[in-house]
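Following this message is one structure expressed as structure tokens.
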């Protein structure tokens, strides 16, 4: 039982916090933060589970998480572009997204 | 494991969780973004601790750096009027249409948080049983295949050869992001002379040159150690962001033909690498025997350039046109 | 796969393909559309005649097409299907002539004749279907293709009527679908030629399921056969143009239901299995209620087409009653009534159409003295009306005679009483029409007809032809080629010589 | 195993992506971008033809990307399921592309084309690249046999879909795009978490290897739940459907056609693949009953909403929610019956919905362009003005209804018979009775079409190719219904 088990667990907690934030927080930017948090949490789980500190780390999850990070930043950019456009068309709508 | 490791890991993971919650529960978005950037840096530290230097670099450059820059730029673009008005607001309740029962918002948030944590507990429980149970996973298999492939760095061999198809789709996702941002219309900025901050301008010139150097170093390092196309691209993007802030002329990136070709280099190079074997009768994305390192080098370079340009274009947030006059700047 | 096997699909295609072409004809191409219509009708009739010859010489043409794994369409021509196909093909030709004249100058005629051809193709498909699944396929297609004809005028009332029609027929369709699927799940593909063999194997293990399936199948068919309590759509659908009411709601659609009940009772379950399960008594009960209910409601209807509609509701259940009595004579009466009622009822609807089209007369109360203004139409109406009442030598008498004899032979005296009572009720709602039309003075001056005839010849000829046919079929019922002889052959096939 | 013929499958992904890059560099110039579109369609057609011929010849096969093979490399698996969806996706894509071209290049408003530039809406410069990226993403989804690769493909298709919804440019489209985005990204991350658990439990992500290694234990069940939750959110199963109706109604018509027909269908195909094929050992049957019940509620909910909305495209979007619910009520039947017929029944239902829904949306696009809006109460009598679009909508509706002769009926028939063999009565009743609910909203529109009414002001002639491609797809539902026998017979 190495202390490295804390990272995947932290990842899962981050996932939960992100999900809660995404669902409950009205401000759109906070929602974007929330889903980035979820993505990082899931990535921590993906890499963290495989690493028990003994043998060399497994490159496959690392490659996958690298792809995940790039995909997340692309998704964030699209969301933020839409939010910027929305804030111009409907200034008050940005917070009250039902 | 020694006590010191437990203390370090414990504090790092605790910080991660606290910062994560702080980012989400922040009263106003600006505080949230700042906390998120710190969270990103802590996550980079976590990757390093988990023996994944490539991820640490990428998380720092892209996860914390660029995403933070994007968030702040959007917050700015949303106009200071809203940011300030929001600053003083109560948690979550929009001023104009307060929810009928203010308590409802809290109760609902509490319920969802509880549910999410319950789900997390289930996943965590199952994760604990899987932790480290199967040893290094596919690590040894990848090492054995490295010789046949010819690429040294384990992560690079997975990224560019074994699971090269994932990376191809990933460059397509990046390309989609640029198109999505550009199709959402035009972001207008006031015509220069933009009051150029002399310190920023000189800093930008020096740092940009440095960043390009670092990017080149990371690029060549990538083939046999941590680093590679994406990390180099991210550092290039940092240079691009800085250049955009320092010199408004950079905003005409969308119109120049060179930039457009640069944006498609990553996906284009991968498609060429995928199609040539098919024309030669081999299966999709099968490099000719022994040519993997050469292809890897070409792909890494093209990916670095296109990721750099793409992330910079994403930061600009749209096909930028210089607004003719003050009034039009606010026009949609 | 001899050429004869291609006859059933050819007959189906002879109205389907021209129909699809007509859909895309611009409105202005009137002559081409009329030519196509008439050509396809005649072609179908010729093909049916050839098929009849082939079957008469003992041929058993059968054609199959695999739609999906375990899902084949099969068309076959046996005696019962030939009878219904001949009826449909013949009356379609007559109705096409009538419709061309009736819809002169109306909008959307390409759409009308397109769906009209699809309807007949579906009816022919129902007639020629060799198994329960194929029957279900064409049964549902008939529902869908009839809707645009019912709502052809596009007025609010016709759309409301269309809505009611859909609610009834689609719900019936779902019941039939579940019943067929259930039976197929239990016994595999249900072929009509087996004469109930598939059900006999199951009767011991699943009696309850078989009763439920019979209920589902007959409930689904009852909607189109307009059996109480699911008959409501028929009077409402009378808002459709006359040719639609004539062919579809007097012959094609309603007969599909009755034909289906005959198939289910005799070819899916078989007489023995049906009587053992005790389902026929229920069927006879509902049929009796419908016969009396239909006739009673017809008495009070002032609108001519609604009165005829309720008369159809009543007369159709003669067939169901005949089927339920399960004796050779009753079956002969039922099958022959399928043809006779078609001929007589279509004549009545043609005449009703003529009256409303030429004189704008829609109510019985407005028909005073109309006999003098339109003598030939009313003569045809009189022949058909008397036939419906059962006066010899018109067709109606023959079928009622056999149904009555069938009732006596199986000891169900009450069925004979029902037939007699219904005959009296028929007289009660048909004779006043004849009286007002012929013997009362005209209350208002009818618009004088422009040409020599009382109305355009294409409107007058069809009722006269069908009235003559009703008379002819009644008079020479004994001839070998008559529907009665044909029905006798079917009954002998089912019950054995 | 991967001789030149199988190599052709790669074109299904490579051609659209290459086309996207080409149209981007051509900046949507007329003539050139049409040529690229034609080339892409041709390559996709050849690849699909090769794929179908190969699978009918020698049954399912796999293509090893980079010749590495599982578990290190990624594989494409082509079996009867993916071949059916890919074969039907081709005509849907071609018809939608023609309609998109028709709508994009004919002036939008009665005023001249100059105004066109100012009005919000897609411009050729960014529309075609995104369109082709979505095409590549959907093909990648149906082909891939690797869990993480499916995650990236889902993200690519989702992001391209969100962008295409946002191209409509008007405020409701942007709000709808954002809701679609958040639902999509939440689903993807849930899927990714599932992938993480599967990887660390079985040390591989290849579906073939997982099928043999799958066992029923806690971690597999949780992984399946996460994978399933992500996919059900993307498939918009009730109650996770709130994002779909607004997004599919606000998007330009050809985009809504592809979203409803294919992009929503891929997660359904993946749930079928993961739950009933690869991990059927580890799947507790109660889960399928729960999902089936949700589906049944979805049918009622979608149909009820479809009866009350005012806009035609919203009606069709809610119909998608209902039809997805219908597909999920069929899952328990396929699981219980386990027979080939049941599986083909579900495939026919899904494939039939794809073609029918696409023809209905394209017809709605044509009608919206002809009338300048798609508010149902102001379109009365459009049957006389646009007969082809009306027939397309009607025929598509008939296939959803399961009228015999269309592929919808074949699907319902096979599901009903195989369902009743294993006494799955409630699901068979749901599948059969759903026809009545579908009939309600299909005929609501057809009644409006048939009603004779004076022509409203401002209607414009419609490009013929738009109406004809919508009608061609509708006829395809009948062609599939009547002609799919010989194709399906030899397949396992």
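Annotations
Each chain gets a letter, A, B, C and D, in the order it is written, and its residues are counted from 1.
Everything that follows uses one rule, which is that a contact is a pair of C-beta atoms (placed from the backbone, for glycine too) under 8 Å apart; a residue touches a chain by one contact, two chains touch by 3 or more.
Keep in mind it's a predicted model, so treat the numbers as computed, not measured.
Shared contacts of chain A and chain D, meaning chains that touch the two of them, come down to B. When each chain is reduced to the mean of its CA atoms, the one lying nearest the mean of all protein CA atoms is D.
Of the two interfaces, B-D and C-D, the higher number of touching C-beta pairs belongs to B-D.
Here the spacing of chain B and chain C, counted between their Cα centres, is 72 Å. The geometric centre of chain B is 30 Å away from that of chain D, both derived from CA atoms. Between the Cα centres of chain C and chain D there is a gap of 42 Å. In terms of their C-alpha centroids, the spacing between chain A and chain C amounts to 68 Å. Residues of chain A found to touch two or more other chains are 15, 18-19, 45, 49-50, 60-61, 64, 67, 71, 74-75, 78, 82-83, 85, 89.
Among the residues of chain D, those touching two or more other chains are numbered 148, 152, 155, 159, 162-163, 166, 174, 193, 197, 199-200.
In terms of inter-chain touching, the protein chains here follow a pattern that is not a line, ring, star or complete graph. According to the touch criterion at the top of this document, the contacting chain pairs are A-B, A-D, B-D, C-D. By the touch criterion stated above, chain D contacts chain C in their complex at residues 340-341, 344, 348, 381, 384, 387, 391, 398, 403-405, 409-410, 412-414, 416-421, 428-429, 432-433, 435-436, 439, 443, 447, 450-452, 481-482, 484-486, 488-489.
Looking at the complex, you find that chain B touches chain D at residues 122-123, 125-127, 129-131, 133-134, 137-138, 141-142, 145, 161-166, 168-170, 172-173, 175-177, 179-180, 182-185, 260-261, 263-264, 267-268, 271, 274-275, 277-278, 281-287. For chain A in complex with chain D, the touching residues are 15, 18-19, 22, 28, 31, 35, 38-39, 42, 45-46, 49-50, 60-61, 64, 67-68, 71, 74-75, 78-79, 82-83, 85-86, 89-90, 93, 97. Within the complex, the chain C residues that touch chain D are 23, 65-72, 107-108, 111, 133, 136-138, 140-141, 144, 147-148, 151, 153-156, 159, 162-163, 166, 170-171, 173-174, 177-178, 181-182, 184-186.
By the touch criterion given at the top, residues 2-4, 6-11, 13-14, 17-18, 20-21, 24-25, 27, 63-68, 71-74, 76, 122-123, 125-127, 129-130, 133, 136-137, 140, 148-149, 152-153, 155-156, 159-160, 162-163, 166-167, 169, 174, 193, 197, 199-201, 203-204, 218-219, 222-223, 226 of chain D touch chain B in their complex.
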